[in-house]
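Below you'll find a set of structures to go through.
Two complexes are shown next, each including chain A; its partner changes from chain B in the first to chain C in the second.
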Partner chain A sequence: MTEVLRSAAMPRSTVRRKARWQRQAGRIFVAAIRQVFFLLLIVWSLVPILFIVISSFKRQTEIFAYPPSLFFEPTLQHYISLWTSWDAFFPTMINSAIISVSATALTCVICLMSGFVYSRYSSAFLGLSAVYLIAIRLLPPIVITLPLFPVVNALGLSDTHMVLVLLYTAFWVSICTMIMKTFIDEIPRSIDEAAAVDGASTLQLLWRVVAPMALQGLAACAIFVFVFSWNEYLFALIFTTTDAKTTPLIIAEVMDTPAGTNWGVLFAGVTIQLIPSTLLVVLTQRYLIAGLTAGSVKG
Partner chain B sequence: MRTLDRTGWALIAPVHVLMLAVITIPSVYVLWLSLHSSTFGSGLEWVGLDNFREVLSDPYFWRAARNTVLVVNAIVYVEVLLAIGIAVLFMGGLRYPKLMFAIVLMPYAITEVVAVLTWKTLLNPGTGFISRAIEDMGFGLINWSISPPLALGVSALISIWYHLPFTFLLIYAGMVSIPRTVYEAARVDGATAWQQFWRITLPLLVPAILITLIFRLVFAFRLFTEVWLLTFGGPARLTEVVAIYLYQGAFRYGRFGEAAATGWLMVVGSLLIAAIYLWFMHRQMRGARP
Partner chain C sequence: MAELHLTDLRKSYGAVEVVHGIDIHVADGAFVVLVGPSGCGKSTILRMIAGLEDITSGMMSFDGEDVRDLTPKERNVAMVFQDYALYPHMSVAKNIGFGLSLAGVGRAEREAAVLETARILQIEQLLDRKPRALSGGQRQRVAIGRAMVRSPSVFLFDEPLSNLDAKLRAEMRAQIKRLHKQLGVTSVYVTHDQLEAMTLADKIVCLKDGYVAQAGTPHELYRKPRTTFVAEFIGSPAMNLIPADLVQDGATKQISIAGQSIVAPPEVEGRAPGPIILGLRPEHVSDTALPGGQTLDVDVDLLEPIGSEILLTTQLGVHSFTIRCEDHGQFVSGAALKAHFSTENLHCFDPETGLRLDAEAREVAA
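And then the complex of A and B:
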């Protein structure tokens, strides 16, 4: 009521201008709040990682200086010491690379085949086993280390690349099969028929036609498996000791000897370790998101 | 649709052989192992449910179980709330979407080991940059290395930081799939942004939230690395979670039978938690419907 009276007392143009101003102020306020939240988000996600990366270029004495210096003379000293004095580091990088690439390639091949079958064939077994594939993923991985530990030792597979490749692949084939199925479902069946008319066998159809068209799905699977294998800790801790030791393990070991830790060198190693997976995730985020959507819709 | 012929069987054989050999048969074997007494270099001896009785009467197990339930709940709820907030922020439009996605996804790309190392360095009592900043603000020295609840809190913080990108993507995918037309209709009817969130976004997001909750609860239940690398379960086994209890039992004390029993308790526990949440949410969802 008072609102009406007041507006009646004021010239109409003033009222309109005031309302517009209020709307605009509100909009600016909301926009400002949003910017603040975005800034907080950037700080939350990025600062911890940047801290390590930047520290790897600081002199030993400056790393734990408080307040931390933003402007400093960068040095490559730690990277040089990493190369010259930390012999154990680079072999673990090579191990990690061999294991991650092998597991990724193996998973992609296996899941292209199984995804094709789950997409194009029908049978009661397929329906039931699809549920089994998803359900078995719920099992905590640490549980199966118990029986595998003696078996792996007996087979002489302990501390080899092979054991980790098989483990990582086994833990990803179920979800990647479902991701590939979702992507292959998108490829029209008429293409299969056309290929059959042209006299292509099922295998030819799979390799020559389906595989190139399902590249997005393969990319998504590859990212998941590579990032997981590159970063995995628990299986590596249990199944490797020296020869097949991966980078996360050696980082963890050095980190836990606080008295003698050379932080600069450790940070330099960590920086190198996180480059491949970070680049992969950043450059291929499109596939990652597509794969996750495909996986979660089914899972 | 083709019927499953010889080629079809051959093409799915690798998946099923691998899964049987590495996951399914071992996990069934664990059940068998849990009914036997077993340690390094000795034969198996049938003991029935003794291992389960042993584990369930071990105060250390219950402490680990309590820690796990507390930490897992904290992690998953905070994550889902943050994820919804970030997804809303992203849905409102942003100037450099690719860059922002890359930044938000960054923690997903690094190893848990580095995540722990980073936060341990930042929060190190006395030398860490964040812990000293907290001290300067007058909150005193946050010494999580001697305080089990604080140590578990730091583990939870690391775990949230590390898994938030995954949770965010799941929630965001759910939000993107809500049809635009619903919002347009609401706007025509004069709904404010606030009303749109509570009346449209949230109710239509329930399935996505459910999937995310189940996913994250089941996965968070495996919590190992964050706590292990931060405290190794110490001091005095006070910060152990179930996965660490299992690891210690098997690989440190060599009690494979009991560790196997713990393993199955873990499987049952994580499924039970997921089931309870599912049932509870399902009931609430039905109750909310007019």
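And then the complex of A and C:
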């Protein structure tokens, strides 16, 4: 009531100015909160990575120095030590690359085809199998891993690239099938029909029409599978020993030596390990973002 | 080019039959238009001809060869889709040449064919563009180009102009007609627009609820509609269809309509007196006397000028009666009007079956 009386007593232009100021202040406040939130998110995500990357160029004594030194003389000593003391590191990167690229390619090919089937055909069996695909993904990996051990041994696949390629592919096929289905759903059926009338077989349709049109979905799947395969530890630990050993296993060994942890070498290894997946994500991020939001907006 | 025979063609989805044993003959090089309202089965028939839908039963042959088990590619058909269905990741040139590329045609030959097609369709300057950079009309031209380039034996058009604006539609209609004249390829065209059907077709097949309501030349469908459905569907504005009574007046037959009496056309001579549906096209009615014509008294209700002509919605008793005639500013809403017409332009239909009375008479005789 008092407010009403006060407003009534004020000239109309003053009331309007005050309301405008209040609206502006509200907007600035919301914008500030949003910026702070984003800043915290960036700090939360980037600080550990920056700490590792920067520390890999510091001398051993400077890494955990307090207060932390922002300005220091960079050194490649840890990288040289990694090369000389951990000679298995770089060959395992080749293993990781072979396994990750193969698993990524295989998953993309399978999911392009299975996504197409789920998108274009319908039956009770397909409906049920879609539920199964999702349900199986909910199991913790260890539940599947242990029973697989004797099977893998019996097949003679232990400590081969093939076993990890197959496992990583099997692990991601379910989610990636659904991602590809969502993308292929967006492609009008008349495009399939136009290709059929043009004389395309189903494989030609998939390869020459559907795949390029669902490229964003394929990129999203590729990133998921590659990053997972590149960093995966549990399956690699259980199913490989020497020949197919991957980089995360060596990094774990660096972390846990009888002489204690050489943090500098560890950080150098982790920094190198970060490069391929970071590059892949940066190069394909516009596809990734579109991939993650597919189906939310009719495009 | 090919001659198409569809015999007792049926299509069912589960227990629901949507095409009920139709017979259509498309002569070699003819332009046949399947026309009808939504859900009449016209697109389904076209897709069965293309090989995109299985045939439930019946026969389909191209030049006497049974094509029921052949793929679209093996049938050598080309189709223009309603939504263009261009490949968005390919340039116009690649879109047009895609079929040739799949067929293994060499690059030089393919490029020459694409260029020639683009020249005919006047889209040479667009060959490097992607479909998203084209207007609706240009996209439709590319879609037609894609169909043309393979020199198919049959062209299929599935409502190709329905996404275009009126002006562009008229332009593209003329272009399709010109192309057909030039190439002479057997064409089957689906539309719900009777104007497109009338202007393009050598033969129209008018469909209703999965049955052929009438097949014939545009002139036949317009002049002698076999049913009230065809009478209403073909022609714009639609034919006036008014309940009337056929009465015997001495030696002659008269038609009693809204308390007025007119002379019946000779087709109904053999018909026993009783209720009928009288049909009269709006453009066959005039406000000026015609030699040997008849008249009906109507009251002008609504005026809709459309340039040199005017549409008059009038009242004939309790029935609405549309007239289309020349406009010299002579009409006033609410005024009485003498509607003149020739007896030969009258159409009579059976109110029970909806069949044209002379057609019905022929069928009974048969």
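Methods note: the second predicted complex is superposed on the first by the 241 of 299 C-alpha atoms of A that agree within 3 Å, B and C clash if a C-alpha of one lies under 4 Å from a C-alpha of the other, contacts with A are read in each partner's own complex, and residues count from 1 in each chain.
Note that a contact is a pair of C-beta atoms (placed from the backbone, for glycine too) under 8 Å apart; a residue touches a chain by one contact, two chains touch by 3 or more.
Every value quoted in this text rests on a predicted model; they were computed, and no experiment measured them.
Trainee: Do chain B and chain C fit side by side on chain A in the superposed arrangement, or is it a clash?
Mentor: In the arrangement built by aligning on chain A, the partners chain C and chain B fit side by side.
Trainee: Examine A:N231 and indicate which partner it touches, taking first as chain B and second as chain C; both and neither are also allowed.
Mentor: The first partner, chain B, only.
Trainee: In the three-chain superposition, say which chain, chain B or chain C, touches more residues of chain A.
Mentor: With both complexes superposed on chain A, more residues of chain A are touched by B.
Trainee: Which holds for A:M213: it touches chain B only (first), chain C only (second), both, or neither?
Mentor: After superposition on chain A, A:M213 lies in contact with chain C alone.
Trainee: Mind working out whether A:I272 is in touch with chain B, chain C, both or neither, as first, second, both or neither?
Mentor: neither
Trainee: Just checking: does A:G199 make contact with chain B only, chain C only, both, or neither of them? Give me first, second, both or neither.
Mentor: In the superposition, A:G199 contacts chain C only.
Trainee: Go through the superposed model and pick first if A:W44 touches only chain B, second if only chain C, both, or neither.
Mentor: first
Trainee: Could you say whether A:I191 touches chain B, chain C, both of them, or neither, answering first, second, both or neither?
Mentor: second
Trainee: Please state the minimum Cα-Cα separation between chain B and chain C in the superposed model, rounded to the nearest whole Å.
Mentor: 9
Trainee: Can you list the residues of chain A that touch chain B in one structure and chain C in the other?
Mentor: none
Trainee: Residue numbers of chain A touching chain C in their complex, please.
Mentor: 188, 190-191, 193-200, 204, 208-209, 212-213, 215
Trainee: Of all residues in chain C, which touch chain A in the complex?
Mentor: Residues 50-52, 71-73, 77-79, 81-83, 85-89, 98-99, 102-103, 146, 150 of chain C touch chain A in their complex.
Trainee: For a test of understanding, state which residues of chain A touch chain B in their complex under the given definition.
Mentor: Residue list for chain A touching chain B: 34, 37-38, 41-42, 44-46, 48-49, 51-52, 64, 66-68, 110-111, 113-114, 116-118, 120-123, 125-126, 129, 133, 136, 138-149, 151, 166-167, 169-171, 173-174, 177, 202-203, 206, 227, 230-234, 238, 247-249, 251-252, 255-256, 263, 266, 270, 273-274, 277-278, 280-282, 285, 288-289, 292-293, 296, 299.
Trainee: Within their complex, state which residues of chain B touch chain A.
Mentor: 1-4, 7-8, 11-12, 14-16, 18-19, 21-24, 26-27, 29-30, 33, 85-86, 89, 92, 94, 98, 100-122, 127, 129, 132, 161, 165-166, 169-170, 173, 211, 215, 218, 221-222, 224-225, 229, 243, 246-247, 250-251, 256, 259-260, 263-264, 266-267, 270-271, 274
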